[in-house]
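Below: the structure, in C-alpha cells.
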C-alpha cells in the first residue's frame, strides 16, 4: 500500500507559529474541540515534532521563526506534510512589507497545501486538511 | 508451541488486537464525555500502521543502542506477561508457582525501558520525563505491592491459577473488606502504571512536550504505543485474576469493561497531578490504607 | 561537604514551539531537580515590526492593522487605538456607538476568558474542562459572527464611533443567547472552584504578592488577583458606556493561580451582565447613528487605553498633521504581565511553573507587537504564491470571493437556526 | 494629584503641558529622570504604564507614561535626548517593569541606557546588525539583513 | 588433592609479597594474577564432582576441617572472587603494589580457612585476622590521594577496625558460651535449640552480631560507606562487596542450619533486621552524590535480602539467601569494578560531574547496566531469581506464624528492589546517559591494563546473565538442593522468559526489517531551540523531590548528621565517660587520696 494512503488515516499534527496574530492558532485548536472535532479523521495534536506527520504553519514567518522553521522541518521524521494556514503564512498577509518578514512559508520549506483566511475558519481548516489527505492518498 | 502462545495467542497478537480495541473504546468514550464524536473504530491500528512507515530519527547526543533497544525490549517483556496471564485462562498446565511475582516484576520492565530509553535520548525534557517516570514507579509500587500482599495472606499462594481456584471456591477476594480496599487502591495504582491522567506526569504533553517519549519517532514510538495498548488489556486482566476472579466465563468480559470504564472515568474527571503530589498521595495517603487492608486480611476480614 | 552549595543548576527549556503555548515564546527555567530557581524569558519569536509600519498607513487603515496585533484581543487594540486618536483630536462619539463598543468588547472578553479557562484546563491535563469550555465558547463566537460577520477580527471600531450597527430586531435574540451563558458560567464556577485536584494544582501556586505586582506594574486580572483594584473600564470610561451600566470589579488578594482563575470566572459573569444591559439600552436608541464624521487628524499626541481581557492595553499616537501617524506606540497588557513571571514561578515545580506561566494569560503576539502595513480587513491572497518545489497539488483552497461567500452562508445558517444554543 | 506633582517636582519641570483634563505632558531634563521617576512611582504611587521612544528627526524623545488610575489621568514625562549622544540613565532599578521596554528602545531606536542590568537583544535576533535601528526615521527595509 | 592447598598457597604468597621490595612490582604484577588463577582452579577441582568432592584432608587437620557442600561452595566463591580481583587489581593498582597483594593474599588465605573451618577457635582466629587485613587494605587509600584523602582513609580504617573488632568480641563471647554449654568447639557437633534458655538465645545474638557486622547489616553497617569512599576500588569490591558478604552470611547460615534450631521469635527478629536494612540503606543510597557511596549503601541494602531469606528458616528462603549472597557478590563487585574503570578514566566518582561516557566506554556501560539490572531484580537476571526465592521463603512463613510482620517484610523487600532500581537508574543516567560534562577524561590506562580492567567486569556481567537464565540447572539443582532440600515444583524457569524476550526482540527487528525503515540522525527537539550544555540533566537531580518530602526530609537531615551511626553514638558515649573520668584525674594528689579513701570506705561497707 502506498505510504500516503497509510499516512492519511492517521495524521498527527504539530503546530508551528511564527509571527501570527494568534487567531489561526486558536482556530486550529478550535477545530479539535467539540463542534468540529478533528479526531473524527484521526487527526491529533502532538507536542513534539518527532511525532508529527503534518506541520501546520501559521504567521508571517519572521526572522527568528524562519531559521527555526527550517530547523524543525529538517529534524522532523519524513514523510511530513506542511500546511500553511492563514493569509500570513500563505503570502505574508498584512505584514508582508515589514522589515521583519522573512516568509512566507513556501520561501523556506516546501508546502503541500495552503489554507487562506484571516483567520482561516475551522471549516476551511478541515477542508484543507481533508484535501491534504486526498493528495497524500493518491 | 510456546512460541505460538507467545506470538499469536494469548501473547502478542491477540493482546495487541484486544488492546487496540480497548484503546479505541477509551478514546471514543473520552470523546463522548468531552462532547465530541471521537475516532473511527480502526484508528488505533491506523496509528500503529502509520508509525511503522515513518522514518526513525535518532537524536545526536543519544546513546544509540539503548535508545533503540528500549522500545523493543519493553514490548517483548509485555508480551511475556500477556502470555503468562493469558495462558492461565487458556492452558493452565503452563502456569508455575510464583508467577504472580514474576508478572509484577516483568510489568516493571516497560517503565524501566522507558526510563532508560528516554534518559538515553540526550534531551533535557525527556530526562526530566525519565526522572518523573522513576519517581512515579517508586510511588505506586509501594501501595501496589502492599495491596498484592492481601490475596497472598488470604490464600498463602503466589500462583495465579491457585488464586483463581481459591476464588472459585470461596468467592472473589474483592468481596471481603480487606480485598475491596486493596482492589480500589490497586486500581488507582494501575492508573499510574498505565500512565493515564491524573498520573500522566512523565508524558505531560503540555509541560514537557511529550516528556519521556519526546524523541521517539516512527516504529520506535510504535513499539511504545503497542506496549501501551497491551498494558491496557493485561493490567486489568491481571488484577481481575487476583482480586475479582475467577475469570472463566463470558461475564468476565463485563468485569473487564467495568474496569476499563473506571480507568476512563478517572482519566477524564481529573487534572494531572504534580509529581510531588503523586508521590505524597501514594505514599502518605494510599499506603497507610493499604497497610490497614493487610491488617484486616490478617484478622481474616 | 557543602553539597547544597555545589548543587548544579540545569536549564529546562519551555518553548518556543511548545504545546504549552499557542504562540512561540522561550522560557528558560533554571531548575534544581524539579524546583525552579530562576526564569529567563526570551521573547521576540512573534515580532512583526509594527511600529514602523504604522507610520506608513493612514489613520483609518491602522484600525485594521492593530486588529491583527492579536487575534484574541482583536477588539481591544482597535478600541484603545481609536481612543488614542479621539483623544488626540478631541472627538466625541455617539451614545449608540458607545454601547456597541462595549458589547463587542465584552463578547471578546467572554470568548477570551473561556478560551483561557479551557487552555488552563488543557495545561494541567484536564482535557474535559478544555473541551467543555471551548464548546460553550462557540456560543460566544456565534454571537460575534452574528454581530460582526466574523468569528474573530470583528472590525467594529472606527475613529469617531462604531463601524457596524447592531440591528434592533436582532437584539432580543442576542440577549437570549447571551443569557444562556450565565448558567453555563455558573456551572464552570462550580466545577472549577469545588474540584479538589484543581485546587491542589493551583492554590498557593505561583504567588505574585501585591508589592511584586506593583513593582512589576502588572495589569488586568493578574493585578486584580493580587489585590490591586484597577480596571480601565471603570477608571477611565471615556468614550465608552461602562459608566452607564451596573457592574462590579472582582478583586482577590491571594495572588496565586487559583485567584486568577476565580477572577476571570467572576469577570465573565460581569461581562454577561454588561452585555445584557447594553443590549437593553440599545433598543431605546435610534438605529444608524453610530459614528461622527471625522475629517482631519490634527498634529498632536494622544493616549488611549482599554481593558483588554488581559489588562490595560495602551496606545500612544502622535500625528504631525499628515494622514498617517508620526509615531504609534502599542503596549499590550501581556508585556507587563509576562515579566512578572520572573518572580511568580520561583520556588515552584516545573509543573507549577507551566501553569503559572499560563496563568497571566500570556499573549505573546501582543507582547512582540507588530507594526501593520495593509488595511484590507480580510486576507489578501496572493494568487501566485511561489510554487512549492515538490508539491504539485492545488495551492489555494479558496479565493477571496469564495471565502466571503462561505462566511455569509455560515452567518445565514446561524441566523436561521435560532434558539439552537438556548436548548 | 496634579498639584502634588507640580509641588514635588518644583523647578525640575521644563515645560508643563496640560492637553486636557485627562492627559498631562511634563517635560523634564534627562539628568533628572531617575529622581523624577523615583518621586512619581515610589512616593506618589503612580503606575508606570510604559515608555515610548520617538525619533522626532531633530532629536530623540522618550515619554514615560505614568497613570493615576483612580483619577483617570495620564502623566507623561517627556525627555529629549540629542541625536549625537543618545543615552540616558536607566530607571529599571527603580521600576522593575521598565526592564524590557528599555531593552526594546535600545535595540529599536539605539538609545543607550546607562546602568541597565542586562542590556541585550529583546525581540530582534542576536545576529541583527548593530546600529540598524528599525524605528529610526531613516531606516528602510533595504538596511535589514538579507538572509534569515 | 590436599584441601588445604589454596590456604597454604595464599598465605605463603601473602607473606612473600609482604617482604618483596616495592621495586619488584612488575614481577608482582605478573605473578599475582597467576596465583589468583591457580587458586581458582584449585578451588574448582576441590569443589567438583559436586556430590563427593575431589579432595584429601590431611590427618592433622581432620578435626578442624569441614568438607560439606556448603563449605566447599564458599571455598569456590572465595576462589572465584580472588581470581577476579587479582586480575583487576593488577590493572588498577599502581602504587603500593606489593603491599596490596600481600594483604590481598593473606585475606584470601584467611577467607578460605574460614570457609572450611570446623573448629570455632580456628574460625575466630582467621575471622579476626581478616578484620586486620581489611584495616591494612583500607589504609592503602585511594590512588593518587592527597593528604585529606589519606587522613580520611585512616579514619575509615579506624572506624572499620573498631566496629569489626567490637563484633569479634561478641563472637568470642558467643563461642565461649557455646563451649560452656556443650564443651565443644566443633561446628558439626553442636546443635542447640534457642528458646531452651536465654543463654543460648544470647549466644545466637552474639553470632548474629558478628555476622551482621561482617556482612554489613544494619545497624552495624556504618563502616562500609566510609570504607568504600576511601579505600582503593579493588579493595572495596573484594572485601565489603564480596568476601565479607560471603563469610558473614556463611556464618549466619551455619548458625541457622547447624549450630542452632532457631525459634520463630528470633527468626522474626532476624527478618525484621533484614527488612529494615533493605529499606533504610536503599533510601540512603538514593540521595548519594558519590558513586562509591551509592554503591556502598547498596552493599548494605542487599545484605538485607540475604538476612531476610535466612531468617525465614525454611529451606527455600535460606537457599534464596545463600544464592542471593553469591549473586550479590557477583554484581556488586562488577559494579564496583565498573565504577573503578570510570574513576580511572575521569579521575572522579562525583556523579554531578560525570556524564556522556556511554560512547567512550561502551563495554563498561554494558557490564554496569547488566549488573544494575541484576541488582534491581529485573528478570531474567540472577538477582531476580534469588530475590524470588527469598520472597517465596517469606510467603511460606505466612502460614506458620502471624502473617503481618512477614507481609511487611515482604513489602519492604519488594519495594526495596524498586528503590534499588531507582538509584541505579540515577547512577547509569549520571555516568553514561547524561550529556557530556565539561570535565575532561584524562589518563586513559594502557591497553593491557585496560584489558585487565574490563575482563573481570565482563566475566561478572556474563555470570549475572548465565546464573540468571540457567540458575536452576547449573546451581539450584546441583548445589542448593543438596545443601538443603526443598521442593522444586513449579519453579520459575527463566530460560523460557529469556528465549521469549529474544524472540520478541527478533520479532521487533523483523518488523523493522520488513518495513525498511530509514534511520537518520537529527538534533534533539526541545521546542525549536538548540540544546546547550547547560541543559544537562544529571541523574543526581532525579530524587530531589523525594529528598524534599516532609517526612523524608527530616530523616535525611538526621542521617546526614549521622544520628543513626552506631559508631558515632558509641563514640559519643565513650567520649562522655572519658570526660567524666578525666574530671576525676585532675592531677592533684589530695584528690587522688580522696578517691582512694572513698573507695576503701565503700569496699569496707559492702564487705
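As written, the chains take the letters A, B, C, D and E, and residue 1 is the first residue of each chain.
As a convention for this text, a contact is a pair of C-beta atoms (placed from the backbone, for glycine too) under 8 Å apart; a residue touches a chain by one contact, two chains touch by 3 or more.
Keep in mind it's a predicted model, so treat the numbers as computed, not measured.
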Practice problem: Could you run down the chains that neighbour chain C and chain D together? | Solution: A
Quiz item: Counting C-beta pairs in contact, does A-B beat A-C or the other way around?
Solution: A-C
Quiz item: Of the chains shown, whose Cα mean is nearest the mean of all protein Cα atoms?
Solution: B
Practice problem: Please indicate which chain is farthest from chain E, where distance is taken between mean Cα coordinates of the chains. | Solution: D
Exercise. Starting from the mean Cα coordinates of chain A and chain D, work out the distance between those two points in Å.
Key: 39
Quiz item: So what's the Cα centroid distance for chain D and chain E, whole Å?
Solution: 70
Exercise. Indicate the whole-number Å distance between the mean C-alpha point of chain A and the mean C-alpha point of chain E.
Key: 59
Self-check item: Whole-Å separation of chain centres (CA-atom averages), chain B against chain E
Solution: 35
Quiz item: Which residue numbers or ranges of chain A touch two or more of the other chains?
Solution: 33-34, 46-50, 63-64, 68, 72, 75, 77-78, 97, 99-100
Quiz prompt | Residues within chain D bordering two or more other chains | solution = 124-125, 134, 139
Exercise. Going through chain E residue by residue, note those that touch at least 2 other chains and give them in order.
Key: 518, 520, 522-523, 525-529, 535-537, 541-543, 545, 548
Self-check item: Inter-chain touch pairs (all)
Solution: A-B, A-C, A-D, A-E, B-C, B-E, C-D, C-E
Quiz item: How about chain E: which of its residues touch chain B in the complex?
Solution: 356, 358-359, 362, 365, 369, 373, 377-379, 384, 388, 391-392, 395, 398-399, 402-404, 407-408, 410-411, 414-415, 418-419, 421-422, 425-426, 428-429, 432-436, 489-493, 496-497, 500-505, 507-509, 511-512, 515, 517-527, 531, 535-537, 539, 541-543, 545-546, 548-549, 551
Quiz prompt | Contacting residues of chain B [partner chain C, same complex] | solution = 30, 33-36, 124-125, 128, 131-132, 197-198, 200-201, 204-209, 268-277
Practice problem: Please give the residue numbers of chain A that touch chain D in the complex, ascending. | Solution: 63-64, 66-67, 97, 99-100, 102, 108
Quiz item: Considering the complex alone, what residue numbers of chain E touch chain A?
Solution: 518, 520, 522-523, 525, 528-530
Quiz item: Along chain C, where are the residues that touch chain B in the complex?
Solution: 10-14, 18-20, 34, 121-132, 135, 195, 197-198, 200-201, 349-352, 354
